[in-house]
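We just call them A, B and C in the order they show up, numbering each chain from 1.
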Amino acid sequence: MTVDARAQLCLVSFNEAWGSAWQPAPPARFRIAEAKSSFWGLAEGALGARMTRVATTHASASAEPTRRDFLFIATGAAGAVGLAATIWPFVSQMAPDAATIAAGAPVDFDLSHVAEGQIVKLFWRGKLIFVRHRTADEIKSAQNTDVASLRDPEADAARVKPGKDQWLVVYGNCTHLGCVPLGNEGAFHGWQCPCHGSVFDTSGRIRQGPAPINLPVPPYAFTSDKAIRIG
Amino acid sequence: MKSIKTLIALVALSGLASGVALAQSHEREIPPRVTWSFSGPFGAYDETQLQRGFKVFHEVCSNCHSMSKVAFRTLAEKGGPGFTPEQVTALAATYKVKDGPNDAGDMFDRPARPADFWPSPFPNKQAAAAANGGAAPPDFSVIAKARTYERGFPWFVFDIFTQYQEQGVDYIAALLPGYEEAPAGEVVPAGKYYNKYFPGNIIAMPPPLQDGAVTYLKDADGKPQAPETVQQYAKDVSAFLMWAAEPHMEQRKEIAFRALVFLLVFAGLLYFAKRKIWANVEGHA
Amino acid sequence: MSGHSTYVPKSAVGKWFESRLPIMGLIHSSFVVFPNPRNLNYFWTFGGILAFMLVAQIITGVVLAMHYTAHADMAFNSVELIMRDVNYGWMLRYLHANGASMFFIAVYVHIFRGLYYGSYKAPREILWILGVIIFLLMMATAFMGYVLPWGQMSFWGATVITNLFSAIPGVGEVIVSYLWGGYSVSNPTLNRFFSLHYLLPFMIAGVVALHIWALHVPGSNNPTGIEKKTDKDVLPFHPYFTVKDAFALSCFLMVYVWFAFYIPNFLGHADNYIEANAAVTPSHIVPEWYFLPFYAILRAIPDKLLGVLAMFGSIAIMVVVPWLDSSKIRSGNYRPVFQIFFWLFAINAVILGWLGSKPPEGWYVIASRISTVYYFAYYILVLPLLGLFETPKSMPASIADSVLGKGGSGSAMASGAASSPSTKG
């Protein structure tokens, strides 16, 4: 059987292209459309019976476009579903693991050793918490603030437990970008953050600087007069 | 050509088989197969069995054996013995764990919480060995996967399809009641015991279980849930240890089934898509 | 010389981008319109499967490294943390551990396919050698990965394999202590193995890129071993081979799922669930199954240095296979005598693997020696000599002729291609 000269030329061109370099230099004449027409062409050039068969396939394909499309769409959709289901565990594993979550068990803390005016640091769930034994002056200045003038308006009474005004329990990371503010510093003698200068008052409320909100109060309760449980 | 290949394969197989026959002249006894609720593609743990097994572990084994990778909280997790969180909290509180240092810089004991891992009965390996005649009792966290016996050819090939993978639990369930008098001629050193399933047969652990040693919960009719016999204890505690080693087995087998069904459908679709695409190519189906 | 890419971006942004970085054209010409022999059988799908496995191992591995602690005191525990507490951690670890085995299953099929169809022959020698390099890197990666859980098999496997280097006369002991970073396998060893285990897969990926580059110069070999001559012999990669590879991959994934989810510890060792203990060696040290044939060769030879040389030689000899095989016929389909030796070689490799899992005593040692001799004889004697004496079957004139079942020079030669089930797409 004779070799089609055009086809040979085509082959030479893609061999050259691939032999030449790591370059997007595929066959100049080898296009997908041509490739397709060439194997249909091949069929036509071969046996009459084959030609008929190809022609039939061709006809049936165009006669039932929906069935053909449905198969490919279903396959693609199934692949997408499978991929999504596969991705999920890889995303889910980023979440805190079961040991970390369980380790967030409540922490008991004995207040009896905290002297008036002292700030104690402790950790719950790996997060820093300030426990501040406030003096009478600190309580007064916190209570006598005009709530309406605050950036994050919150009354002092809402930030301590009833009847326990001397105990302030707040998270110890600045609400700006997470640095640890220094105690008894700043214009309001509450805290001042060394990173970007946010100033908090003796109720842990933001008064100056870039921090948007007050130091949050963690969930805690008094288990006795001199003991709290955080969490 | 076909027949030559077949012939070669047969010769090779018979060679292998004779090797197996030689290799199987082992003294160590093969543990009998136990029917486990958790074997096979749809296997799941039997909650009540795990609870009984836990009771055996708790009252007998845990006096000497640690289980340091297992946290109390997991006893209440899905796919496990199915204790309630309250039961687990109460159980944990009966144990003391070391914590600290406190503000004064001292270590202190506190009641365990569900988040804590199972406390070891000995402070360290040396103490465990010293208290047990020089042989430290092994940790139980993954022991059901850490023990096995050799299946040999061709059984290990069949195991791929039958999913038989309970060699470890079968071994433990056989070992615990497997103590017997040493056969004549076998010398058992003082303080050691003869067990027909233990590799080498001489084991340091004294027979740990006796009939009636652990009281099982009673059913409505006043009879125990399961016979209070060494055989039953051994099976129950083996099942519990399987769970301890493989706490997510149920989820794993569920996902396996779903993934296989999906792949079957997907491969089917791809097969027909492939046929469709190749249908236009002469000489291919 | 170089033609231009036929890829024409549709959008203006695409054109702008393509004129600066023609990567879409590269992908288009390599994986869309690339002309593949039309008669490739399903053994040729394993290249794609291997690419998938490499990516899967890298992804699961990177994720596992987020939870794993490479310290001798904490490694075993951190693996248990992954298995118990990390969301789907058990799945990631079992996928990774069994993924290594699947990777090797696929690579062995790929290698034996190359050996049978003569894919190493000119002009594909560099392609083949790059493949051998990938195989070596895979072995190193898998070995170091197996050390990371820090179980008994990890520890003692590391001890035995690193001690291979002590066979080197004079400097062996020094080299081994450098490998260990101490006087035994210990924490520094674990740390460097973790570092290298993380690095090597990316090196594999690099060599894989070269492997594909080298592949795309002559294009794929095919079951007839006849080079493509006209465009009647070829089909564009997409959609014909993408869909075929995808189908094969999804079948392969069923096997992967079966192992990773149903019998995840079947291919592992029970002893590796016992934490590393430098004072107790397991009664029976066996490497992972994919190393067993080479392990059998190591133990077949009673001399330490010679054993090590034979083991490394059994892999190194694959590098020179292209020049050892004297046959002018590429595909084993047309080499009746070669087929016998080839299948004996394949069975021999399986037997070597089985012997590698057995204790080195009595009958097993003798069998290992016979098998080792045949392993090397295949390369050193059979391949060079067979080509000189063998009368090949007659061959079709082209790939297209083989597919259409047409005889080449009018003889009854098509039987070779037609009788082999592997030529059927």
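Side notes on the structure shown:
To be clear about the criterion, contacts are C-beta pairs under 8 Å (C-beta built on N, C-alpha and C of every residue); 3 or more make two chains touch, one makes a residue touch a chain.
Please read these numbers as outputs of a predicted model, since none were measured by experiment.
Of all the chains, the one whose CA centre sits at the greatest distance from that of chain C is A.
The central chain of the assembly on a C-alpha centroid basis is C.
By number of C-beta pairs in contact, B-C leads when B-C and A-B are compared.
If you average the CA atoms of chain A and of chain B, the two centres end up 38 Å from each other.
One finds 33 Å separating the Cα centroids of chain B and chain C.
Of all residues in chain A, those touching 2 or more other chains are 36, 39, 42, 46, 79, 98-99, listed in ascending order. Counting partner chains per residue, chain C has residues 84, 91, 235, 246, 400, 404 touching two or more of them.
Shared interface positions of chain B, defined as residues touching 2 or more other chains, are 71, 263, 266, 270, 273, 281-282.
Chain B contributes residues 1, 4-5, 8-9, 12, 15-16, 19, 22-23, 41, 69-71, 74, 138-139, 141-143, 145-148, 153, 159-160, 163, 165, 167-168, 199, 245, 247-248, 252-253, 255-256, 259-260, 263-264, 266-267, 270-271, 273-274, 277-278, 281-285 to its touches with chain C in the complex. Residues 38, 77, 80, 83-84, 90-91, 94, 235, 239-240, 243-244, 246-247, 250-251, 253-254, 257-258, 261-266, 270-271, 273-275, 283, 336, 339-340, 343-344, 347, 350-351, 354, 358, 362-364, 367, 400, 403-405, 419, 425 of chain C are the ones touching chain B in the complex. Residue ranges of chain A in contact with chain C, taken from their complex: 1, 3-4, 7-8, 10-11, 13-14, 16-28, 30-32, 35-36, 38-39, 42, 46, 79, 89-90, 92-95, 97-100.
Taken together, the chain C residues at the contact with chain A in this complex read 1-7, 22, 25-26, 28-29, 32-35, 59, 63, 66-67, 81, 84-89, 91-92, 213, 216-219, 228-232, 234-236, 238, 246, 397, 400-401, 404, 406.
Residues of chain B that touch chain A in their complex: 71, 73, 103, 113-115, 262-263, 265-266, 269-270, 272-273, 276, 279-282.
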